[in-house]
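So, here come the structures, one by one.
You will see chain A twice below: alongside chain B first, and alongside chain C after that.
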Partner chain A sequence: MSANLIVSAISIVIVCVGVIGLILKRNLLLKLLSLNIVNTATILFFVLIVYKPGDRAPIGPVTGVQFADPLPQALVLTSIVINFGVLALSLLFTMVLVKRYHTLDLRKIEGFVKREFEEEKS
Partner chain B sequence: MISMGRYSVSLKAVYVVLVIALFGGLTIGAIVTGGRAEVSRVGSLYLEKGFEFPNIENAVFGVYGMYRFYDTLFELLIFATAVLGITIFSDLESSLDSEKSGLVESHVVSASASFLYPAIAVFGIYLAFSAHQGPGGGFAGGVIGGTGILLLALARGAEETGRKFREDSMKRVEYLVLFIALLIVVLGAFYPDTIYRNLPGISVITVVNISIGLKVFIGTWAILHFFVKHRGEV
Partner chain C sequence: MIALLLGVGAYLSGGILSLLFTRHRYRFSLLSWVGALTGISLAVSGFLDSGSVVRTLGRWGILGIEIKIDETTLLFAGLVVILNFFTLIYIRGSKKGSFYCLYNFLLASTFSIAFSHDLFNLYVTIEFMSLVSILLIGYERKAYQIYAGAKYLIISSLAMSLYLIGLGFVYRVGGNLGIRELARSLEGIEEFSLSLGLGLMVAGLAVKGGIFLFSMWLPDAHSYSATVVSALLSGMAVKSGLIGIIRLSEFVDLCQLLLVLGALTGIAGGVFALVSHRPKKILAHSTISQVGYILLGIGTGTPAGILAASLHLFFHGLFKALLFLSVGAAGIGGNDIEGVKELSVPWTSKVGLLVGSVSIMAIPPFNKYFSKTLLAEHVNQEWAWFSMLVIGLGTALYTLKLSWPLIVETRTNGADGRDIAVAAFALAVGLSSFLAWVILGNAEMAKLLSWHHLYVYLAIPIVGGLVLLGFRKNLNRLTAPYFPFSLENSLVSLFTGFLVIELVLIVF
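Right after this comes the complex of A and B.
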């Protein structure tokens, strides 16, 4: 119980670090890095849900053994693969933005986009 | 928002504090009030029923390969969409050649890569083949094969490795794999007993695992090769 609380507190702290970075940082790369940190904390939380001392990995029709819950393990697989794909695609879009505007600062990019939009309008 | 200056920053800080308080309070409350949780109701159902299939001994594979195959299918579709976007941009950018700045070649890396790559590839294939009977799975096998190719690219250069593995035909194989997964889902919806139970031997399980492994392998290599190509050299 107490170990569970400690690990969940750690995962909450890591999620908080990620969310703070996601909201307060203006650099696009740091924002993506924060998103990755949030995903890592989520995986840690899944591990916390599954882990109980003495449980075995759910392999083999063995009787008389307490197996670990297989559902969160399958969900962690999904989480890892989708995080990989989303991170790669968003890095690609960041590269396109940098090639066009030559900056990673989100405010400057917003200003450029706004100016372009107004020029197109007029 | 931009013109507000200092005020907008403090508003963001309030958002941060709110999010943290909500998330932390909910999580700690759930853990304290939940007590010592046993295996969840759905999870114990999967554990009971999963071993009833004749060939499956790995319950995790039973979840993502049999009961929640739609989940896996849409995961594959999302991964394929990401790889498709990266491939399109890679084709668009191919006309702009970046300056090649290869690292200093080390004989240790190239010798150990050519020595290690066959073992890594065999291990990945083994994991994809035997996932229904032991630890492993298509995802793990595919990622292991993809990182093995990255090691090969580290030793011999990305362009040569891409040419050696015939990327153009590999992209066709990728869509063939998606088609196989869709086919299994559709046929399994109409004839569940024939597809999932009554086929002799290793049956559809290994097909599922091999196709997932191939998909992840090709996608990983496509993503890695795009970033390597854009950077110049590994």
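Right after this comes the complex of A and C.
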């Protein structure tokens, strides 16, 4: 078993840690941090699983060298940018909710939101 | 190829221009609609000439992005363009420039999803679509909208991470991202890591596609947002995940899994719609139940079944958007359905509700009848056909529960400018059955309209009406539990659903 496979297995474990945090933490901010752990570990996993031993960076006019596949690189860069956008947007939403209800506890927010909707519509 | 660039370019530039020149936002949006219409007509004429084609975008050979033009593409892109027109005249003069910008971006992303035939391109466009739709959900900055948006954001971001992990497994085995190339390189390969990866990808797309156990964010997000946004999300944004699943089923056999998920989704969505009390909530749950039919169509695994699924996807987009717009134009989307007796509803909304309801109940001359009977002809398993009957009965029950009080028990009102858009849309939805005739041809239509089908599909709404007549009081006393739809429980149910997927994929 190569070191590569072991590290990609570890990254799957990190994904699971993030998911557990996402489900069990009641604090909205900690939930977002767990989400970010999941996303980052996913990228780590993707980089490792498509890596082939002996790959070289595709720089310079060297012939006869096995170049790294450019597709996963483009993919990983794009998904890093998307994760940044998701994190920024979710922090903005958290800010709005906290300004409104002065709590980060998700169950309390859920209760407030439901009550407010009922009151507005009746 | 030119069709895709024209459509997406028109929408993106229309969005940016309507943000920059706020005064002319309506005109710019109309112009970008014209651009997209030109694009889709070019695609249709190309399709009539040479049938379905797969092309590679860019001059990088195998590294380029694959696009495909077939019936599914054209129906979905056509749905985007039609919904764009009617929602645009509905919101005329009532929203800010930034709303128009996001609106055009949403259309751009869904338009490009229709053409996408590349697993990574699907990931990017779907992620773009969901970011824009989250901004649109929270656009009015009411706390419940923000909360629904945040819930959607967290679940969908997690789902796309699952999709990316699955993509890693598939890429390791297949060595490609374009679906045509993948279909070649994956032929005959059966590996555990491949089925694990496919399960993860299906789970990720299912979260976007409104499949029960995965899309528990959907009822809140679709019922709390503004009317136009609900119409667009339910009409087309949800379908992007299903387009992804159609594309996946092109290179791998998912039939049994999709039949199981379809039956589950259709029945569970119907049950939740039946015990909801607010019109928009009922419509949101009904979207889940209608997705069941589409999954059953994809699950047949035959080209005819996928055509039926695409037709149903198209028709569902039309009538669901019409129902949302009619309820929203009357301003009763959030009211309790039992307390509507003192309210007055414009006549256009009543017409829209009537056309939408008979369409969704699949009563013959209306559009859904044709896609549903086509589906029933091609569903090849007895239990799947039986589950179609159950879903149909559920649909009839909740539709009658929704529209009977709104049409009959309220007072009728005059209509103003915005309501005329609803009436025009109702007319278009009524006429859309002709499209089924154009696509399917005379012989197929005669087969679909035979007594053999008519008996069954006329009986279902009648039985539904009789049941409702007897048990309406009892039905109104039931209320839908909220706990399955809270954030934590929807995450848990996502993973339960993922386990179901893996189980089905490994057992069959």
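Everything below uses one rule, namely that the second predicted complex is superposed on the first by the 116 of 122 C-alpha atoms of A that agree within 3 Å, B and C clash if a C-alpha of one lies under 4 Å from a C-alpha of the other, contacts with A are read in each partner's own complex, and residues count from 1 in each chain.
Assume a residue touches a chain if its C-beta (ideal position, glycine included) is under 8 Å from a C-beta of that chain, and two chains touch if they have at least 3 such contacts.
The structure presented is a predicted model; accordingly, all values stated were derived computationally and were not measured.
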| item | value |
| --- | --- |
| Touched partner set for A:116, first chain B, second chain C, both or neither | second |
| Touched partner set for A:105, first chain B, second chain C, both or neither | neither |
| Chain B versus chain C as contact partner of A:9, first or second or both or neither | first |
| Shared contact residues on chain A - chain B and chain C | 12, 15, 19, 23, 45, 49, 70-72, 74, 78, 82, 85-86, 89, 96, 107, 110 |
| Chain A-touching residues of chain C, taken from the complex the two chains share | 63, 120, 123-124, 127, 131, 134-135, 138, 141-144, 146-147, 149-150, 153-154, 157-158, 160-161, 164-165, 167-169, 171-172, 177, 224, 278, 334-336, 482, 486-488, 491-492, 495 |
| Residues of chain A defined as touching chain B within the complex | 1, 4-5, 8-9, 11-12, 15-16, 19-20, 23-24, 45, 49, 57-61, 66-74, 77-78, 80-82, 84-86, 88-89, 91-92, 95-96, 107, 110-111 |
| List of chain A residues in touch with chain C within their complex | 12, 15, 19, 22-23, 28, 31-32, 35, 38-39, 42-43, 45-46, 49-50, 70-72, 74-75, 78-79, 82-83, 85-86, 89-90, 93-94, 96-97, 100-101, 106-107, 109-110, 112-114, 116-117, 120-122 |
| Residue numbers on chain B that touch chain A, as the complex places them | 2, 9, 12-13, 15-16, 19-20, 23-24, 27-28, 31-32, 36-37, 39-40, 42-44, 46-47, 50-51, 57-60, 62-64, 68, 71-72, 75, 78-79, 81-83, 85-86, 89, 133-135, 137, 139, 216, 219-220, 223, 226-227, 230 |
